[in-house]
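Following are the structures in question.
The same chain A turns up in both complexes below, where it pairs with chain B and then with chain C.
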Partner chain A sequence: MSSWLAQAIDSAEKIEDWLSPKRAISLAKLKETPWPGRKTEAWKYTPINAIERAQLSEKTGTAAKASEIDNLNSIDLVFVDGLFSEEASTSELPEGLTISSLQHAQSWALESFNQTKPSKHFFGLVNDVLATQGCIIDVAANTTIEQPIRITNSFSEGAQAHTRAIVRIGESSKLTVIEQLEGDLASLNTFFAEYQISEKAHLEHYRLALQSGKALSVGGCHFNLNQASTLDSSLIGYGSQLSRVDMDVIHSAEHSNAKLNVIYLLDGKELFDLHSAIEHTKPNGVSEQNVRCIAADRANAIFNGRIHIHRDAQKILAQMNNRNLLMSPNAQINTKPELEIYADDVRCAHGATIAEIDEEAMFYLQSRGVSRSEAQIMLSFAFINELVDQMKNDAVAQWLRPMLRERFAQMEIR
Partner chain B sequence: MTDQLDEALSREYEAGFVSDVESRTFDPGIDESVIRRISAMKEEPEWMLDWRLKAFEMWKTMPEPDWAHIDYADIDFQAISYYSAPKSMDDRPKSLDEVDPELLRTYEKLGIPLVEQQQLAGIAVDVVFDSVSVVTTFREKLKEKGVIFCPISDAIKEYPELVQKYLGTVVSQKDNFFAALNCAVFTDGSFVYIPKGTRCPMELSTYFRINELNTGQFERTLIIADEGSYVSYLEGCTAPQRDENQLHAAVVELVCLDNAEIKYSTVQNWYPGDENGVGGIYNFVTKRGICHDNAKISWTQVETGSAVTWKYPSCVLKGDNSVGEFYSVALTRGAQQADTGTKMIHLGKNTKSTIISKGISAGKSNNSYRGLVHMGKGSSGARNFTQCDSLLIGDKCGAHTFPYVESRNPTAIVEHEATTSKVSDDQMFLCQQRGLDPEKAVSMIVNGFCKEVFKELPMEFAVEAGKLLEISLEGSVG
Partner chain C sequence: MLKINDLHARVAQNDIIKGLNLEINAGEVHAIMGPNGAGKSTLSYSLAGRDNYEVTSGTATLDGKDLLDLEVEERAAAGLFLAFQYPVEIAGVSNMEFMKAAVDAQRAARDQEALSSSEFLKRAKAACKQVNLPLNFLKRGVNEGFSGGEKKRNEIMQMILLEPKISILDESDSGLDIDALKIVAEGINSQRDGERSFLVITHYQRLLDYIKPDFVHVLAEGKIVKSGGPELALELESQGYAWLESYDRTAQDGEQ
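Let's turn to the complex of A and B:
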């Protein structure tokens, strides 16, 4: 067993709170799960020995706050080194919205804990037993919360943080949640969020996984879709020494609809790994997933997307599209779009492509007087812009565009 | 329509008879002495025995793979007999006239006439019955052209330098659990050598038949196409209908030297077990070819049999400009399980590969495509196109796709697409409106679904494959 894990288990055993009954189950499971290695299918391309080597300590919350998003007008929940910062967070809440700390017991949250996140995620189990900080968000029925909720996470050198979000959106309600992770210092964090989307409710979700450099980040977001509920999710990822996101979308009732857009842009020696699973357990669901990835320099991009149609979940329409740009001879892309289908009257398709920027398009732009580097930026941007355009929240899209452009410019210099 | 479906699914396996051929069979079990006995029986040279024993040592340390999407009862490797041969083989027949008439009748029942018709068709056949090769036709005629086509046990004795040079170079002893077992205990199989610049004058073909109870069949095929040569090779297989599961763990190695081309076609029709999953063949096969410069390997397979299929015919595209192709139709029904696909390992420049996989699942079966496309660092300008389509017939079956795509070179282009659907009501309506009965309509739609693969098969096999599908699917309207 890894010494880091031994230590984690050790400290987990000391935690005693209202979540303990759930934590005990996960702890037992964690103890019998071997440390993931190359031979572990879910970690085939993603080495995690950096966790073993990392110099980590308990931190008191000295990291700089995550960057602001202009014109967002959000309800902020600020976590610094995994600790909730009350003064930096918004205290005034609109009617119908309740937010409380993970330290305060709530019966529905206890029930909801681990209901959508499957136990197969190794670091999900770690988060189960170690996350004492986090938030519980509850939206009453028939309520539209106009202001987006923004959960920010930032980390200082050597920090180790485990945070958890449990979210419930009441019947016919609407909510926007932005999860934001930033920082390039050597630190380890697990941030897992679970969403219960009730009947006819709608969640607009963003995960801005913008950690880079030496950061070690393993987390996930998990959605449970009830009758006629909808999900519109966008994930933007930069890679880092280790960036891993596990995503599960469970259609547990009929007529639910999920759209997942994913962009990740890797440079240097960065690694980003997205494992997503879309489970259609009931008939008449729709899901659409678009994953675009650009890997430059010595980056390693990993995508494992699974669509699973359960027995008798008929009339499902599920699409997955994965497109990758490989920009450098030292970068690598590893992708595995999976289908697992047990119902016959369904329409499912997936496609995956890997290539470099089209040389003809480059030539065309250059023939119009655009410099080679500018042409590359333009074409890279064009490759992902479609997904940025689909973001419903203008402030987030506006904030992202110049950032992404800058990132492309950096990618080009090398 | 459900009645028709049931009828189609309960249709009997036509090759399920047992032949009354007297055999000599080893007692079940495996240890070093069994391997020594097999080797002695085959009068093998020392190096071959050492090679087998080394493989056996490796096998003992290897875990049985469990990653495939298949579920089967544990195999008791000590309960299998590793050698079985028809008794009359002790003095091997020199010509067809001397072959045990019961054997000939067996093959006639299977529709594989070894005598006149075959000569008309112009196909040379190697027939493997249980553990040994029974007869190889046209050996002499092929020899005139310099083509060697004989049982591998003969090749080990007659052409040791060729066998020693190439055996295990594509699928090594430690490649995987089942390949290692095969290396240790393989009993027979075909050996083909096509000399430089030679186009093999006829199609070569091997028919495998498992007859004895509780035996495993472990055949090994080695095909070497020397520079600039061409060969088309066909493989077919059947087994009697029994309640016990029988293991078939074969290894096929193809060596395709510069500018050569090998076309390897398989129609696999092992006994699939009954509709409840009782009996049937466990088919764990390792097939791989290596392509040198400008070489081409094309795998075509029609998989309709076996209770469990675990098979990934692969191409290592080592040479520049080499080409790999994989065309597959896999049909599962009853309680069959298939986990099959291919690996295309692109190492050389401008290498190309095409993968077309058609999976059809009916009954309670599960059919998975599992594939790997790897673009290595040196694979500049390489190209891959993959298409996997699945057709579901009935709501109790499953169709799955697990494609691994890895790219390490920006100039390589990979395209993968997969779809899953059922026989659509519109298609059925159109056909029926033109006066076709539902049975014919399904058969026609499925045939159309598989057409891209069937057109790759040599004519005789295409007919057989079409017939096989029809037998399995007639009237199975979802």
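Let's turn to the complex of A and C:
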């Protein structure tokens, strides 16, 4: 067994709280799951031995908090090295919104814990048994929370942090959640979030996985969609020594709609790995997933996307589109879109392509005086910016655009 | 200004332009009319330098400069503008970013001082207003989701911002409602200053009521087959192209 894991299990066995009944189940499962290696399908292209080598210490809580997003006016939940910072967080909440610490028992949250996140995710189990810090967010029925909630995570050198979010959005309610992860120092974090989206409710979701450099980050977001509920999610991934996100969308009732946009922007030796699964268990659901990746230098992008349409889940409309732009012969993109269909009356499409420059667009730009090389940069950036344009939250889009542009310009230089 | 001499051009192995001559002087407005498939767009693309539109012989100069020798963007910097018959949608590039890059590039190519961001913004907004496009069209992706008429007005907006010496307007009037037609025509007229020239490709006399052309030409079978004053457009409107000798020939070809 990995020594890191042995230590993790050791720590977990000392934890005693209201989540213990759930933690015990995960701990048992974790003990019988082999340490993921190259032969483990879900970890085939993503080596995790860096976790073993990392010099990790106790939580210090000394890192700077994550950057502000201009004009966002959010309700902030600030975590530094996995510790909740009450003073940096927003205390005043609008009516209909309840937020509490993971340290305080809530019966619905106990029930909700692990209801959406499947037990197949190895580090999900790790998070189950080690996350003692986090937040529980509850939106009452028929409530629109205008202010977005922003959960930020930043890390100092050597920190090890395990945080969890449990979110419930009541019937016909609306919520926006932004998960923000930052930092490039050697640290390890697992941050998993579970969302219950009730009947006719709507979640606008952003995961800004902006860790880079030596950061080791393994986490996930998991959504349960009830009758006629909708999800609009955007994931931005920079890569780092190890950046992995697992995403699950479970359509557990009819007429639910999920849209997932994903942008990867990888440079240097960075790695970003997204494993996503969309489960249609009931008829009349809609999902759309757009994954766009630009990889430069010796970066490694991994996308494993699965759409699973269960038997009798008829009239499903599912689309997955994965386009990739390789900017260097040494960059790698490993992509595996999978469609698994057990119903006969569905409309599904999936595809993965290496993007090519659209010559018609190129001619149009040039005909206005833009040089071919500049037009090439514009069109390559447009390739991901198109998904930024689709973001509903203007403040997030406007904050991201110059950052992504800057990062892209750096990649161009090589 | 623009001189085209015995131009021959081909597309995908087909000879389309077959010995075309045209001279447009500074400040003039010329109209080209002609049946579908005559080669009007092919002529525009050949002048703009589109890939696969291969000029096999002849010359085209702009103020004495050989256009055919230049890259696409160099032709633009030299003062050539083409309003596309079918403007291209580019998601992810905003109209504003596009036009800023275009104006910057053209000014740099002409050794003009760069515009400040605020000066550019001022001009872009004015151009937008002039063609009656809401200002948020500057933020939207280039032509992305624009209606047919909005795309055409966006072309004119670009022309106003870029101030080209010669503007080729390929059916800028098609698909426009009555008000939009006036707006486009006024946009074009506002640019007439006795120096800049225009080549207006159209199927309808209507546009020419607003933009008085100095000359009207009929393009058929890859050549200018007839030229005249504004009255020629009226004649075509009532008689169509049946009188064209080439028309009969095509019909006969079909029977063989």
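Points to keep in mind about this one:
The rule is simple: the second predicted complex is superposed on the first by the 391 of 414 C-alpha atoms of A that agree within 3 Å, B and C clash if a C-alpha of one lies under 4 Å from a C-alpha of the other, contacts with A are read in each partner's own complex, and residues count from 1 in each chain.
Just so we're on the same page, contacts are C-beta pairs under 8 Å (C-beta built on N, C-alpha and C of every residue); 3 or more make two chains touch, one makes a residue touch a chain.
Remember, predicted model here, so these are calculated numbers, not experimental data.
In the superposition on chain A, contact of A:Arg38 is made with neither chain B nor chain C.
Once the two complexes are laid over each other on the shared chain, residue contacts for A:Lys14 go to neither chain B nor chain C.
Of the two partner chains, chain C is the only one that A:Phe383 touches; chain B does not reach it. Contact with chain C, but none with chain B, is seen for A:Tyr364 once the two complexes are overlaid on the shared chain. In the superposition on chain A, contact of A:Arg53 is made with neither chain B nor chain C. By the touch criterion stated above, A:Glu374 is placed in contact with chain C alone, chain B being left untouched. Taking chain B and chain C in turn and counting the residues of chain A each one touches, the greater count comes from B.
For the contact definition in use here, the chain B contact set and the chain C contact set of chain A share no residue. Contacts from chain A toward chain B in the complex involve residues 41, 311-312, 314, 324, 326-329, 331-356.
Listed in rising order, the residues of chain C touching chain A in the complex are 48-51, 71-73, 75-77, 81-82, 84, 87-88, 90-93, 97-99, 101-103, 105-106, 109, 141-142, 158, 162. Per the touch definition, chain A reaches chain C in the complex via residues 358-361, 363-372, 374, 378-379, 381-386, 388-389.
Taken in their complex, chain B has these residues touching chain A: 67, 69, 375, 377, 390, 392-422, 478.
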